[in-house]
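Same chain, two partners: chain A is paired with chain B first, then with chain C.
Showing the complex of A and B:
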């Protein structure tokens, strides 16, 4: 796990017991996790009375460096050994490493969810609704007597702006064909599992 | 037979027929089991045919008959050579059934666990197997509706796009001594970094992007092939040189009253001549500086937006016209300041131009001075020589003679010295050549050794690669071995097979021995019968010749004929006994096989079923008449 110079300097400042004692370090750590994982950005996250004696520039630098470190660790899904080697390189002592690892473990799930939710994806189908229809006659042709299905696929996009739900009409045979093909798709995964 | 039956039943079970566990030989196969086995095989071999066939015997007799006929039809379609009928399934006899099932089992496709046609080694196989294992794991999880599942990163949720916003990273302990930026960054106007972006996803994305950019900016070239960094490395010493030169001139020409920030910006001005704004390496710094200064100016004039920390000089309740006056005053000041800024800019440009001119002229003058100094020294030399000559002029002839003597003496000395030099030079040259040759030799040797070392290293590398590959192969095979089904011990099979092969070999030897014995016997018989015929013919002739004259000889001849006749009859009867014994043995074998077919019990069964069919027919007829 590579860390840039800026992050390493920030972490070295954090590791210095003269600059940050253990309680302050724990506060900054928790503040970093909170500020990353909370949906609303909190400007007062570093306004704790115990942190007032530290130079605000140093505080902000180390807070930013810590947040970057956490995100990198989450991105690479680092396990405990990688994390501890990386933090030892930044001259952290054992207690601080332990603290970091426990906090990281606690928040691992939400961090992974956050990182996993960034990206692009095609349309997602969330639901299907259907209706039966029986045509008795149209304007152009009387005595039709034909059943068919009206199917609606509920679709979600990230801002649901340009893709309304997809509706379509199909006859019985077409629906059976469609269902058969989808069943094939579902079975193909089982066949792939046999490999 | 038992073993063969067990293997057959195992393969039938594998094909999908439901044969209960305790059935181990074909003797125990009832009609039900036979039908189930055959239908199972047909389902694998011809799925289209067997979709209409059920694996269970229907209760009605006519339905059973129909099922039997269709099964027989299907099997003969597959190419079974013997004739089949419904009786082979409904009233199965062991040897026929065994042959049929063997035929079907041969046709079955091989075990899918062994049917791995893909390359069993290689990284693609490992990846495919890992994929298969993971998919199997996921398929065994129970299904939950999406809303009830706890959120995990694997779920295919709606993704937010990767947008990035730039934000300000405060830097502590930077070597540049610009404290205004640091004050600003540490101050209350710059919130802690994650709070600068309100949206959570954009926050995380921006952090990752910024970190990646920071990693790319490392000053020691971690990516040695990066031409950007190589260019910068070229640029750096040049920049340092330029800055040093300009710094010297700038400090000499400006007063020291301004702060270091101003000087740096002036330096950058002079370094890029003709541009009013500083550009290049100091961009972020100077922009921040400009921002700082602008901010400070703005703070001095505008009502501040920061809450409660800087009390505004104007009360918020002042009336509007006062605000307008203040705004007009601000605008005027702004205009004047801008004018002053332009003037200052102009003066800076002029000063730059003047300095350039002066530098140029200084250079020229220095060059001329140097030239003059050189010519002066030359003339000085010439003057001294002429002065000496003039001094020697009064006493001309004796001085001339003295000079000539001196010249001769120096010529002699020169010759002497050249002789000495030659004497020194020759051995030194020889030594030099010898050393050079030795050096070349040593270089050649070291080249050889280096080549050998490289070859050895290649070998080592190849061997290591081989070892790694073999280890990977070994691990794969071990994993494969674990996944294989282990219900049939292969060693038992191989043991049996080897035993059978050995016994067959022994039997073959015995058979060949018997055959050779038989051949020998037959040859003896042929020889003896030949001898017999010949002796008989000879004696016959002999006796016949004498028989015409003598009566006793005629009687002896009759006896001889009768003896020959009887002996040949005896031999004939012996041969007949032998054939009859053989036929008896064959017939006994046939009797055994026929009794194995249980034909009698089957016939009884058939009679009963026939009666049942007749009853059913009568019942159906009755119902038809009623309806």
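Showing the complex of A and C:
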């Protein structure tokens, strides 16, 4: 796991008991996770009476460094020994390494979900709604008498931004074709899962 | 149900008995072509010269015939009703038979063309799918994330479009379940009763 010089210096400050005692370290550690994982986290994460005595620049630097370290670990899916080695290189003592690893383990899943959701992908289908109608006549054509479906696919962009729905008409035969193809796709999924 | 033919319409059609049956049949063919592809005034001029009449007369004759055919097809009137409707024009029996044949031969196609005039959403054309497994991204390594990539082909007004979409396994199963329910609806008693009774 490689960390930049800026990040390493920030972590080293956190390792220094003269800069951060154990309680302060634990606070910054939790603040780092909250900043990353909570949707509404803001700068107030670092607003704590027990951190007031620390130089704000040092606080910001070390907080950012720790967050970067967490993200890098999450990205690489680092295991405990990789983490320990990396933190030892930053001069962390045993106690602080243990604290970090425990907190990391607690938040690992959320972190992976967050990182996995970042990235480009085609429009995501999230839901479908349908309407069945029986066509009787139009102003151009009388005596129609046929069923028709209106299918609407609800879609989202990669960052869960909504996108105009995709709607289309289809006859019964066309809908059967569509469902048949989706079932083929699902079957291939099942077979792949069994491999 | 009888067709109501206006004065103007009858006047336009009055040109038909003045020409050979072959010409009427040809007008019928031209009407269908114009319905399929749009009208072409040059055709009127050519025919007018051959028949020694004004191109306006030819145009009215063709348009009158077209309107007769489209209105009959739109209302899906029976053979008997069609025959009774053209009786008022006072044409010969043979000409009436010719017109009836034109109607019966072409009404299915005319109805298909007319159905394209209705307001429509894009309609389903085809679906292609592909199963992928995402292994890594810039932000996260060592993944095993199955995704289904779909390409939905739609057509509208003769133009095709396609859209690439993605979904996860759970949503795919949900889509299938919902759409199967949709298909099943037509077989319910409620829908069957409606279909039986609306005629």
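Here, the second predicted complex is superposed on the first by the 179 of 195 C-alpha atoms of A that agree within 3 Å, B and C clash if a C-alpha of one lies under 4 Å from a C-alpha of the other, contacts with A are read in each partner's own complex, and residues count from 1 in each chain.
Basically, contacts are C-beta pairs under 8 Å (C-beta built on N, C-alpha and C of every residue); 3 or more make two chains touch, one makes a residue touch a chain.
The shown structure was predicted, so the numbers you read here are calculated from the model rather than taken from an experiment.
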Once both complexes are superposed via chain A, do chain B and chain C end up clashing or fitting?
fit
Partner chain(s) touched by A:75 [first = chain B, second = chain C, both, neither]
both
Touched partner set for A:119, first chain B, second chain C, both or neither
both
So in the superposed three-chain picture, is A:4 touching just chain B, just chain C, both, or none of them (first/second/both/neither)?
first
Just chain B (first), just chain C (second), both, or neither: which does A:26 touch?
neither
Quick one: is A:176 in contact with chain B, with chain C, with both, or with neither? Answer first, second, both or neither.
second
Is A:189 touching anything from chain B or chain C once the two structures are fitted on A? First, second, both or neither.
both
A:61 in the overlay: touching chain B, chain C, both, or neither? Say first, second, both or neither.
first
Partner chain in contact with A:51 - chain B first, chain C second, else both or neither
neither
Examine A:140 and indicate which partner it touches, taking first as chain B and second as chain C; both and neither are also allowed.
second
For the superposed model, what is the least distance in angstrom between any CA atom of chain B and any CA atom of chain C?
6
Could you list which residues of chain A make contact with chain B in one structure and with chain C in the other?
75, 112, 115-116, 118-119, 121, 124, 126, 189, 192-193
In their complex, what parts of chain A are in touch with chain B?
2-7, 9-10, 13, 31-32, 35-43, 45-46, 55-64, 67-68, 71-72, 75, 109, 112-121, 124, 126, 156-158, 189-190, 192-195
Considering only the defined contacts, which chain A positions touch chain C in the complex?
74-77, 112, 115-116, 118-119, 121-130, 132, 134, 136, 138, 140-145, 147, 149-151, 153, 155, 166-170, 172, 174-179, 181-186, 188-189, 192-193
Considering only the defined contacts, which chain C positions touch chain A in the complex?
74-76, 111, 114-115, 117-118, 120-124, 126-129, 131, 133, 137-143, 145-150, 152, 154, 163-169, 171-176, 178-180, 182-183, 185-186, 191, 194-195, 198-199
Can you tell me which positions in chain B touch chain A when the two form their complex?
112, 128-129, 131-132, 135-136, 139, 146, 151-154, 156-162, 169-173, 182, 185-187, 190-198, 200-201, 203-205, 207-208, 210-211, 214-215, 217-218
